[in-house]
Amino acid sequence: MLENLITDANLIVPEIIVAVTLLLVVLFDLIFHKDKSIIPYIGIVGLFAALYYAIQGLPQNSYAFTTAATSHQYGLLAIDSFGSYFKILILITSILIIFFSKASSEIQRIKDRSGEYYALIMGMVLGMLFMVSASDLIIIYLSVELLSLSSYVLAGFTKLRDRNSEASLKYLIYGAVSSGLMLFGISLLYGMTGNTNLIAINTVLRNSSINILTYSFSLILIFVGIGFKISAVPFHFWTPDVYEGSPISITAFLSVASKAAGFALLIRFIKTAFILNETDSGSWSMIEFFDWQTFIIIISILTMTLGNFVALWQNNLKRMLAYSSIAHAGYMLLGVAVLSNQGILAVMIHFLVYMLMNIGAFYIVMLIANKTGSEDIDDYNRLGYASPFLGVSLSIFLISLTGLPPLAGFISKLYIFLAVIDAKLITVAVIAVINSVVSLYYYIRVLKHMFLKKADQEPKGLKLAPAEIVFVLILLIPTIIFGLYFTPMIEFARNSLSILGY
Amino acid sequence: MNGFPILSWITFLPIIGMIAVLIMPNKMEKGIKLITLVITGLQVILAIILLSNFNYSAGGIYEASSFQFIEKFRWIEISGLSWLGTFKVDYFLGVDGISMPMLLLTALVSFIATISSWKINKSVKGFFALFLLLDTGMMGVFVALDFLLFYIFWELMLLPMYFLIGIWGGPRKEYAAIKFFIYTLFGSVFMLLVMIGLYFSTTEVIADGSRVFTFNLLAMMDPTNYTTNGILSPLNPNNYRFIAYIALFAGFAIKIPMFPFHTWLPDAHVEAPTPISVILAGVLIKMGTYGILRISYPIFPQITLDLAYYIGLFGVINIIYGGLVALAQKDFKKMIAYSSVSHMGYVLLGMASMSTIGINGAIFQMFNHGTITAMLFLIVGVVYDRAHTREINAFGGLANKMPMYTGFVTIAFFAAIGLPSLSGFVSEALVFVGAFSSETTRILTMFGTLGILIGAAYMLWTLQRIFFGEFNKKWDDVLTDIDFREYAMLVPLAIIVIFLGIYPSAMLDILNTSVNTLVGFLHSSAATITKMSM
Amino acid sequence: MEVGLNHFLIVSTILFSFGLYGIVTRKNAIMVLMGVELILNAANINFVAFSSFGNFGINGQLYALFVIILAAAEAAIALAIVLNIYKTFSKVNIDEINNLKD
Amino acid sequence: MLDTNIINISLVILLLPLFGFITVVFFGKRFSKLYLLEVAIIVAAFILSLYVGYTKLTTYLHQDLNFSFTWIDFGNVFGKGSMHIDLGIKLDNITVIMLFVVTLISMLVHIFSMAYMEGDKRFSRYYSYLGIFTFSMLGIVLTDNLLMMYIFWELVGLSSYLLIGFWYEKKSASDAGKKAFLTNRVGDIGMFIGILILFTNYKSFSFDYIFNQISNGVLPFGSEAWLTAAGILVFMGAVGKSAQFPLHIWLPDAMEGPTPVSALIHAATMVAAGVYLGLRIFVMLTADAMLVIAVIGAFTSFFAASIALTQNDIKKVLAYSTVSQLGYMVLSIGVGAYTFAFFHLVTHAFFKACLFLGSGSVIHSMHHEQDMRQMGGLKKKMPITYASFVISSLAISGIPLTSGFLSKDGILAGSLAFGHLTGHWLIPALGFLVALMTAFYMFRLVLMTFHGEPRNKEKYDHAKESPFVMVMPLIVLSLLSLFFWYTPNPVSPEAGWFAGSWVKTPHTVVPETSRFNFMKSDIMTEQDQTSEHNESGSIVEPEEEVVHSEMYMHAMHWAHYPAMILSLVLATLGILLAFVMYQWKKISPDKVTNTFNKLRLYNGSLNKWYVDEIYNSTFIGGTMVLSRFLSWFDKYIVDGIVNGTAAFTRVFSTISGYFDTYIVDGLVNGTAFFSGSIGLALRKLQTGKVQTYIVLVLFSVIILFYLIGPF
Amino acid sequence: MGIYDIIFYLFAAITIVSAAIVVNTKNIIHSAFSLLLTFFGVSGLYALLGADFLAIVQIMVYVGGILILLLFGVMLTNKITNVDIKTGVLNVIPAILGLGIFGAVLIFIVTSTNWHVEKLVIPKTTTSMLGNLLLTDYVLVFELLAILLLIALIGAASIARRDKE
């Protein structure tokens, strides 16, 4: 028993480290209640350690916490390279977000509560780490809740403005209902299969006939919960409001890490529970009761279209980026909809790139908001001249988000389209490219304001700390390099493709 | 060229220049301008070196071995993808008779445009940095032989162009810039899809002997490389190939710009600053026709042959429609912008002929239009710089006030009209001869010849309104004859226009072998593909 | 008709629907939270009923237990947030708190 | 190698004026006397062409000299074999005669202009333009192929444009230049299409090669109709350049240019280029084409003469008279009187140049007064001008002992024969009517200008005989209007060397079936057959005239004397009528005017039958309306359709105001509009009320379930 | 209809009726106390299903914990003097419509499904079995829940406490 426990614990070292860091943060919060500036560093150290072990854990491929009642391959967690890839992404994002938070004036103003802030961040990280490797519906539900509960609080954490609290409340109610629906779906699925383990469910589905109506309904309900996390239309409604209302560091975190975790969860859920078999060329044939492809394509088209078209109208940059992140979720869902390793690869690459460019964009928005106190697009007028570095960097991030060469965003878009066209989903591809043209409008609009518009008064140049420039460069340089030489990025993703299961 | 990567140099030299410009402090405007001038000057020199080493008898088009100055190495290689085998992208540059004139044109027009930018004084650094980036994009498009590389260069010039119009442009610059951007992007995203479709339909043998999918344009042209069920493979019984052709063509057509996708052009031209109008008209819109010749024609030969009539039809519509609309313009620059629409119609018509003479004429027209329109836009720039208006009716009688200027205007206008002994005539005549000799485009050609008349009408009318008649005393102080800098821009172009008018073989000999190869390849490959798909 | 699985499921379904109804219609945030609790309870009934009738072992009860604990945690956070809202807006009517919108 | 020498000399003649043009253009400002170089050059060119003409007409009378080189080489063209475009020159008899005529008149005009244009601020520019004109004209004359013909054709158009609009400060002048260029281009389009037809079929532009192919039975697209079409289309160029109806409108306006220019370009040389082209392609004209040409010519000559009757501007009368005479020449080509078409071209060049220069002399001395109603009685003041003017007028009226009598008589005879053979009697009838009208309006002009009482005393007092450089050309030209240069027998042109041996009707190459009956050769001579089977590419001219059948010879013979007598009678009648009305005042011109005006004829004629007005309101107006419409269409509809759809625009126009306010800067056009509208609609969902969101989620779940569920 | 059935219907009725009151009454206090009844009803249903431990936990946690929390919430967010602690409704029609369809669909599919039903087995010792499971197979969940509770604690405390001004 204990041996098992130790073996299992070895498999989840990153999670354990994060949990310990969480406790340490709480502890240090109590010890150093005068000056809490050390706390973020504890978090950073802990996350780096976790990252180290996550990278170490890349080649691992086994189940952890196998249940005694069943054979070995039915674990609560699946520790595989796919999960580790996302764990690495999430941990990197978390580290970036901690630096991000340190630079953010919003977070600086609540310094005395920074212990709780970082503790909750750790809670989110932990939730996400479990999400990406969860292979049991209960773990899925609980890890989603762990993530959610932390983020509900964080969304309203600063309490600086009305909208913080409002974001928090909306997020809470929306999240509670979504997870409630998901739970109900889980209970129905449990009723049909008598199990909550994805592999076990897969076995049941292969071998017995089930009521398709109930089955579909429960899957849709479960998808509500996941769709809520990845802000897929029509489960996205919270996204713009919460993104706008939250502290910008949390917005960035939600838009990248929590979405990554959601996607990892979705992919694992589909791939583990509903696959019939995987061909040599990496495409999946699915158990036929539920047409995942059509379903996700519908969601995906809705998502990208709504995200892009509504983003056109936004004047608040944070809100615009929220819609843009919805749109990107749509593109990534396209990668999922292909239902092949190729699509998954595209999603993985897209996340890597998306992390760079989205955090970069948010970071610059934050830097500007720090100084000007505004995220309004009109306040960006002529900013490109006042602060050329920020202007150019933000332009590059936004152009990369548009998916224009020679930036990394193009490569990830290319991979998605490679997958989609190879799957012969031509109509979908056409809709997607038209969407990407539409997206240009709002991204370029920011550039227009920064460089083309006339300002009432010339904005003052922003003085940047060296650390801030370094932070931007850390994100900017890979965005450019990966656009021109993307072999390492794709090699990395390709080596992390294996998902446990059939 | 003894292993000297001259094409890479000519393509990426501006990037080096851009970095240098960015390093320079803001205040050293002269220095920034000089760097740009030196860089573009070096480009011209490299282009001349290329020309002097150019083998006139090498065909190129579909045959890697007869391309020249080839640079090819594996840029991206990712193996072990179970569904793709190896994902690879080559850095593959090369030149043949079709790209050589475009390369010369790009180098020349960039150089002239640099001189023309001398008076830019707003955010000088930004302007020249973007200008040089644009230069790389344009040059790259004309030398790339790998579709992905081509696409990257193609998109690369969008953003600099957006800013160059949007920041340094006229009153409605933002509108014009975004319109340009959106139109072009709209075209190019479909190009992206077609590119991916083609990627999955063609394989190429790589070093280890296995066949992998490829972006290599030359491999895509070889019917034997098609996969059995690739989405755009003729072996695959679906009509995607046709749709893909249309999509690809639309992408290029927007750039040309072909009716009815041309509406971005007048706006962009009118709002853009003079050097950018020069680049836009001189080089950028050639990318569309170049792309059609380089990609659409050899990769989809049988569809090209089937649709020749429609290509020609749109060409003729462009000629007549563009001309008639130009006739109604009151803005000097807009008039010239529409004349570009009209003149690009000749290119389309020539291409539609599918004959050596016609395509020769079309490419020659591309080059000539590049030089002539560059001249025309510079000419507009001259009066606009001085009078700050482009209203045609605001002027009159400039011939006496600015005789040398009028001289250049006359050359440029008559070249645009297609007066013999100037280069425009030869290309237009060849286009007509070629198009008429093809059964499909014969009747169209007859309508197309109306363009000769309409062109003369709007050009001469404009000439009359601006240069003849009574001089408007309002401009007495501002309008002075052209200065040294303007000579430096106009003289080389005028010399080229006259020289090629008298001795067109200087250019046509460069083209000829490749065009013959292309025409031959079109027919033989179409036959092969038809046989395959049966 | 003998009471069977379906009876329990119908109860849970009704409870679920009422919960949703409450969430959707009530203005007061706390009453919305009550609706959430109803949903969770409905799911719990399902878990327990399935595990008992389907002979799936006792796992279902365990899951219900987890959910109950989670509901408590969620309620704690929810109420904290509601209090925070009350401090900020002096009201807890959700529909009146909509500064964030398009 | 004498023939090489001649070719080389011809090339020198061609390039000399170009050299002059370039030199004067670049250095004319700096060296004000540089125009003398230009004059010297043209004198040299004249002397050289005299030499060339002499050598050709003596040594190589029956042999053509050719020289050509490859201009553009297309290499081995797919499916068509080797292909190239050649340029070259060809010297045959009409070439060298034209060479002589062009250089001579050009030289005289150069000299005349030294005085006439003196003091003009763009004096050297004027000479450079004359230089490029001469160059282009010589190019037309010398070329051996259609492409080069077209090239120089256009260049002639350009120089004409430049010279007509020389005084571009005057709007009427620049208008006239533009009109000339554009009208010519209309004809040129036809010509170009004709050339395209020929090139497409024969892969060559060379006259000889094309004719050889036709005579070998290779027809364009295999049909005679296309041959007819090609002939007519190429001839369209001549219609433009030679100001034939309906493209004649530019020539009278072209009188806005300096008068020596009118003499050179719009009387003697450029307008004759059209006729020259007609002669060049004469051998490939089918019967139908010839009939069309004859009708055009006849109508034009009559139509223009009818206008010339009433004009008051001295140059306008001459301009319409030129149109009318060109109509004669075209008619002559149409009826197959090749020799006389060319003959009339030459004689007309001299006497019409003389008339124009004479009028220039008058205008010069009257201080640029052109209205005849302001003149009168000038014969005393300007005796030499008067004398030369009268000689030329007699020549144009076709009075014996003048060159005009010889050529015109030939044309009338030819047309009469044609009418007799084909039944198209209207053509000779119009021809004779025009002879009457010509004599009348020419002498009306002479009488109003030189006879009677001076009407404008002030101007009259200042008038004096022009300087020597101006009268010398007049003397030379009027002398050339006399018969003895062309034939020893003043009533029989055939007896002379010109029509008798230098210029012979070439053998037509069109298939028998599409010739006129009278042109069908009854008996093929041996030379004929050898020429048809000569495949070397150049035709050796048959030594004997074998073109016409016996029938035609008979008809010609029959027509000769009636035509001569009739034309003489009509010309005399015309002159008499002019005297009656303007010298002896027996009939008041006003009365005649009123009489005719009852049918609105006088005003119609005075206003050139409103052709310009009709064109303005139809073609030009229509084009402008169309172009403005298209411009509007482009701006609002095409842009609209492409950017979105027009329907969409309409539907959403109601909210466009809103849209404009908020999004106009970034989302300006229709696609944006469209996408913006979608965005706007979707945006409405984002109410900010979380419970609404939940309702939407629930509905979505149901919809998704419906969509995806297995129903 | 046996006694088991009668008890079931009783508890079911309590649950449903009180739930209906919870979501329909205007008075928050009424609604909170109805919720208490609902929890009791559910607890009874658990007992009927043989989940005795769960029934107790339900009452302890829900009634002792969550409901008290909710009541605190009600008290803290409404002035106690305010006699009618009432709350309005919104979205009633779409809610009834949507949930009518939703509930109908749900009931239809729930009843039409051929669930895996075996004989109702009432285990005797659920408490120990649950305890065993919790510390063996589901020890991870156990730990996870511990952290979740910690997070909830930190979160609730940090967001609800008064800021140091």
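The chains carry the letters A, B, C, D and E, assigned in the order they are written, with residues numbered from 1 in each.
The criterion applied here is as follows: contacts are C-beta pairs under 8 Å (C-beta built on N, C-alpha and C of every residue); 3 or more make two chains touch, one makes a residue touch a chain.
Only a predicted model underlies this, so the values are computations on that prediction, with no experimental measurement involved.
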Contact-graph separation of chain A and chain E, given in steps at minimum: 1
Other chains in touch with both chain A and chain C: D, E
Remotest chain, chain C as reference, centres from CA atoms: D
Identity of the most central chain, Cα criterion: B
Chain whose Cα centroid lies at the greatest distance from that of chain E: D
C-E against C-D, pair bridged by the larger set of C-beta contacts: C-E
Geometric centre distance via CA averages, chain E-chain D, whole Å: 102
Chain A and chain B, separation of their C-alpha mean positions in angstrom: 43
Inter-centroid spacing, chain D versus chain B (mean Cα positions, whole Å): 38
Averaged-CA centre spacing for the pair chain C and chain B, given as whole angstrom: 65
For chain A, residues contacting two or more additional chains: 69, 138, 142, 145, 149, 152-153, 156, 159, 168-170, 173, 177, 181, 188, 191, 194, 213, 217, 240-241, 310, 313, 441, 444, 448, 453
Of all residues in chain C, the ones touching two or more other chains: 9, 16, 19-20, 23-25, 29, 32-33, 44, 49-50, 54, 56, 59, 66, 70, 73-74, 77, 80-82, 84, 94-95, 98-102
Residue numbers of chain B (touch at least two other chains): 174, 178, 182, 186
Chain pairs in mutual contact under the definition given at the outset: A-B, A-C, A-D, A-E, B-D, C-D, C-E, D-E
Residues on chain E engaged by chain D in the complex (per definition of touch): 90-91, 94-95, 98-99, 101-102, 105
Residues of chain C touching chain A in the complex: 9, 16, 19-20, 23, 29, 32-33, 36, 39-40, 42-44, 46-47, 49-51, 54, 56-57, 59-60, 63, 66-67, 70, 73-74, 77-78, 80-82, 84-85, 88-89, 94, 97-102
Chain C residues within the chain E interface of the complex: 2-11, 13-22, 24-31, 33-35, 37-38, 41, 44-45, 48-50, 52-56, 58-59, 61-62, 64-66, 68-77, 79-84, 86, 92-93, 95
In the complex, chain A residues that touch chain E: 1, 5, 8, 19, 22, 26, 64-65, 67-69, 76-77, 112-113, 116-117, 119-120, 123, 126, 130, 138-139, 142-143, 145-146, 149-150, 152-153, 156-157, 159, 168, 188, 191-192, 194, 211, 213-214, 217
In the complex with chain A, residue positions of chain B that touch it: 75-78, 80-84, 87, 123, 148, 151-152, 155-156, 158-159, 162-163, 166-167, 173-174, 177-178, 181-182, 185-186, 189-190, 192-193, 196-197, 199-200, 231, 240
